Amino acid sequence: MRAYSLLLVLSVLGAAQTGTAVKYHATINDVKYVYGMAAPVAHLKSGEIIETNTLDAFGNALKKPGDRLSMVKGDNPLTGPFYVDGAQPGDTLAVRILDLQVDGNQGVGSLAPGFGALNQTTYTAMLHTALPERIWFYPIDKATNTATFRALDSKFSVKIPLHPFLGCIGVAPAGGEARSSLVPAEFGGNMDAPEAAAGNVLYLPVNVPGALLYMGDGHAAMGDGEIAGSAIEVPLTERVQVNVIKGKKINWPRFENDGAIMAVGAYRPLDDALRIAFTELVEWIHKDYGLSTLDAYELLSKVARVHLDEMVDPNYVVVASIEKKFLPPKKSGGGHGL
Amino acid sequence: MRAYSLLLVLSVLGAAQTGTAVKYHATINDVKYVYGMAAPVAHLKSGEIIETNTLDAFGNALKKPGDRLSMVKGDNPLTGPFYVDGAQPGDTLAVRILDLQVDGNQGVGSLAPGFGALNQTTYTAMLHTALPERIWFYPIDKATNTATFRALDSKFSVKIPLHPFLGCIGVAPAGGEARSSLVPAEFGGNMDAPEAAAGNVLYLPVNVPGALLYMGDGHAAMGDGEIAGSAIEVPLTERVQVNVIKGKKINWPRFENDGAIMAVGAYRPLDDALRIAFTELVEWIHKDYGLSTLDAYELLSKVARVHLDEMVDPNYVVVASIEKKFLPPKKSGGGHGL
Amino acid sequence: MRAYSLLLVLSVLGAAQTGTAVKYHATINDVKYVYGMAAPVAHLKSGEIIETNTLDAFGNALKKPGDRLSMVKGDNPLTGPFYVDGAQPGDTLAVRILDLQVDGNQGVGSLAPGFGALNQTTYTAMLHTALPERIWFYPIDKATNTATFRALDSKFSVKIPLHPFLGCIGVAPAGGEARSSLVPAEFGGNMDAPEAAAGNVLYLPVNVPGALLYMGDGHAAMGDGEIAGSAIEVPLTERVQVNVIKGKKINWPRFENDGAIMAVGAYRPLDDALRIAFTELVEWIHKDYGLSTLDAYELLSKVARVHLDEMVDPNYVVVASIEKKFLPPKKSGGGHGL
Amino acid sequence: MRAYSLLLVLSVLGAAQTGTAVKYHATINDVKYVYGMAAPVAHLKSGEIIETNTLDAFGNALKKPGDRLSMVKGDNPLTGPFYVDGAQPGDTLAVRILDLQVDGNQGVGSLAPGFGALNQTTYTAMLHTALPERIWFYPIDKATNTATFRALDSKFSVKIPLHPFLGCIGVAPAGGEARSSLVPAEFGGNMDAPEAAAGNVLYLPVNVPGALLYMGDGHAAMGDGEIAGSAIEVPLTERVQVNVIKGKKINWPRFENDGAIMAVGAYRPLDDALRIAFTELVEWIHKDYGLSTLDAYELLSKVARVHLDEMVDPNYVVVASIEKKFLPPKKSGGGHGL
């Protein structure tokens, strides 16, 4: 086990995170719409904390009944990029999500042309008359930690518990690519992963010097699959801590917390997203926990959990996970910082 | 609300089920390997209880290390069919699962050629050398309600909590079809659904007189997706109560309990299985709980749950669900017996 | 090379086929709607010729403007089954299509709810308002060998050259299954394959004694993919010769003529249908023409042809082929009867 | 019909193209590996001709038996970009391919890890031992216009007729994205389309000022689907003429020649690629040739052709086409320059 691993065990897993904080306030004037190369809005050292904010998926443009999607300047405006000193291609960036707070008192949901799992879309193209545009507003009550769904076509309303998370979190892609803020892929991005919530660490592959971390698209709550194409879309404030894990290369994003390891697959169709997530999880178990590949495969067939994050973006996102209680002790020197 | 609905509310939802029991003991000599027309092994009245047993997915043929898959006579031998008096095409059969017990002290898991989500298969054909056949045995401890995974390639072992359920439960298909016991589809079948467990009601479309209910393929526990192709395969004993809901037609299987309604989609690829499950769930909410279609769609985008049951059989199975606490009161006369 | 192979080379490949003919006339009263076990309408010896007729996909029910799909009694009525003496599970049935003639002077095309590649369907379920039902009639002119498309919404009309083929041709499935006449799969069935035309031989796996051959769903012409869900649907008269190839087992249907060998994949999604077709073609080349698996794979990457037969049925059908001029001479004893 | 349309009819459709030629010679030192923003290698006026060359998919690195894929610096090196004066977002770029010549006397085919339709890949991930790396060399004989396949594992060889085309041709993507030279998508790119051959016009959406045209990945011949992951890979010399069609916006690439119109769909799974191609083709027919949407859909179901270009890249490419002889006369003012 190299020295940095031990340090990271301390710094990444440690309960209270007290690194230096770098503050940055984002506005609609300096957001980005692609994950790629751009001038950093701030520089951080490994171990430091970002305190920032993100606009909602609509750039905070939808405020009241009657507002239309045509008022939205661009989807999923991103705060960033943040440049992490010392991060180099081939490293892994560990982003520990310390705290996410809804930054306002209202969320928004929408039905948009060309979007949604039960709708003809840009990529599942058909000849029907499109479903109509619709917008729902969700009052948020921080005292009860709930948002309220109010039906548009009847008088029904119901409270939904909040689970704030980052719909978008990712780094600059590999190979000189730049990808839209609508896309989830190997670099993270628009994963719409409820796993991107306080208490979890997200691992992302570093593809360019400084990694260039972006965040956006806060969600106050979301159903599995995000099937109509939106969550309860909200501005957020974030506290996240970044750590560079040197010389550790991963191919796809991973999440981890004290209880579980979670591998992300982001592609189409869902079948392939699931295959990616599970081959990554098998390999993770094999390398860091020492089970043979076939034993790991068999064990997952008995105890794995699958979370369908979304089936509405240009790629679909599946998270395959296993509780650590089902695993052998981690090998000395094995795996990430956790 | 018609009379039968009220009765069904009482009989199907009632806590303790005390209908007359029809007992039937299955052996390898009288199991079936297709869902289709066959001479009934027993007749029941609506409201009566079946007490029976099922063999494991291998016909109980694998007993000890060294046994091989070539010893298996046929996959997923089915107990049945049970003929339910009065069930006619266009009705729905409600199967309330009262109790499932592992019928033995050992379970089996296997890696089989042409099977598994990370393996080339009959239908996702490739040119690789196949993964090898492997068999794992799982001692079952009823005192602790666990099965034990023991790695083949290392000394690791771990206990897994039992969650017994029926991998196979279905009726004769529509249109004169007969389907292999490996197949899940509109008639239920090899859904590998952990939802088919005690405490839940399963609704199946009735396609032929008497419905012709089959059961088999007991699982002591299973990971989401059943990715290596098997669960902890066990013989089971079953107590299930059948009720005929006259004149109520459904297109795909549904589950329900006191807390949630759950719609099944069983097809390929997963994308389409998910679309089926969610369009069924939207329609269920619309018809029985009165939300408009688009309000139901939006609400699901915020609070739905998706469970991937399996991605290894000839069709893949997804269950989309919503907790009843997020729904309006059921409409008078709305929906099933529950 | 066993004796029967030599004989088959003579009988199957020979230019003019002069076997004894068995005649059978089908009407709406004795058609079938599933591929499965049923009392044979006729028995044949290997080498004999069937002279019969088939109704169109609508059972000849649609005759004139104003007729509706609700007048159709059942889709794809099948003529048969024909019992071929001596055919046993594990054999291959070679069906040489000698002649197909349109049996009438009009064809029909339709747009049906739940059907079509650009339409929400039973299996690609969505929430849109469905596309409307529409019916087009195609006058057929045998002198010019054309059918005429006449637009419903404008005055445009155009002639389309006839290419008569059997949309449905298949045998009883394996494992005791029975499948709807809408389904293509391992047993052939509703392949909607323009390859099922005069001049080609179709090989089908024999799954039950006598094979039980069915035919139906004649097409006068069809576009690749059959994307709106129908071809120019017509009644046909058929002359086909059947030969049993003993002890030769195939997994999926195959076509062959003097110029090419063609492997069928029938599943969903298209990706998997294509994988099936190509792994079958690689194996065919390897076994019968002696190239190594990887050489065959590489060669196909340079000269293969892919034909998308349909993407509208419960399974999708792809045919992968290679011209014989690109292959080594067939191995002595290699392959089918051809 | 606006003035430019008439001019384009003359300049784009005219038989002999005699515009001014801009010459540019590419080497391994100035190729690009992404479609995106980059300094132009040359500027052209609308109507002018590019005379240039492209390296093969391996950067011309593989020369003789024993050479390995690890010698390849980057896949699909691109010549360009070419800046077309006056091209603005919302316009269409028409690229008329005048002449393509193989630039050398040898082609290369390869089997590469993580690539190929019958191989586990980055995106269809599995647990098998990978297929081995293999390289085939194809001597090219310009006198007979053939390349020769020589088996690696036997003594078989066979001549394959040449059909030179550009595997890669595309422009800078929309929305600030930059995509790898391995990717086909809305901007064209690695379509591996045999349609990109002399005699055809390719239409591409203009997303950035100057369009920024790139070319590369020449193929001397290719099977449908490019299933093992490579064609006969060759350096090419190109003569192509570019024309800007002002104010005409398309969503996906299109091909056209005197006989047919062809729409491209580039996505995953194949099902969706096909849906894209056909909805585009229906719309093209509706807008430019005046058939109603449903008449166009029906007509395509009877006479369309589908060409599967490749099923091995990050997106799959399908071309749906119809011969012009089946269409009404083009509407006055309708459609592109042709």
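Quick notes
All chains are identified by letter, namely A, B, C and D, in their written order; residue positions are counted from 1 within each chain.
By our rule, a residue touches a chain if its C-beta (ideal position, glycine included) is under 8 Å from a C-beta of that chain, and two chains touch if they have at least 3 such contacts.
Keep in mind it's a predicted model, so treat the numbers as computed, not measured.
The chain with its CA mean position farthest from that of chain D is B.
In this entry, B-C is the pair from B-D, B-C or C-D that repeats the interface of A-D, since more than half of their contact pairs coincide by residue number.
Between chain A and chain B, the centres computed from C-alpha atoms are 33 Å apart.
Annotation: 35 Å between the Cα-based centres of chain B and chain C. Computed from the mean C-alpha positions, the centre of chain A lies at a distance of 48 Å from the centre of chain C.
Touching two or more other chains at once are residues 118, 124-127, 131, 268-269, 275, 278-279, 282, 294, 297 of chain B.
The touching residues of chain D, counted against chain A in their complex, run 33-34, 36, 123-127, 175-180, 265, 267-269, 272, 275-276, 278-280, 282, 293-294, 297. By the touch rule above, chain C contacts chain D in their complex via residues 109, 111, 116-118, 131-132, 134, 136, 149, 151-154, 156, 158, 160, 221-232, 268-271, 274-275, 278-279, 282, 290-292, 294-295, 297-306, 308, 311, 316, 320, 325-328. Touching chain D in their complex are the following residues of chain B: 118-120, 124-131, 269.
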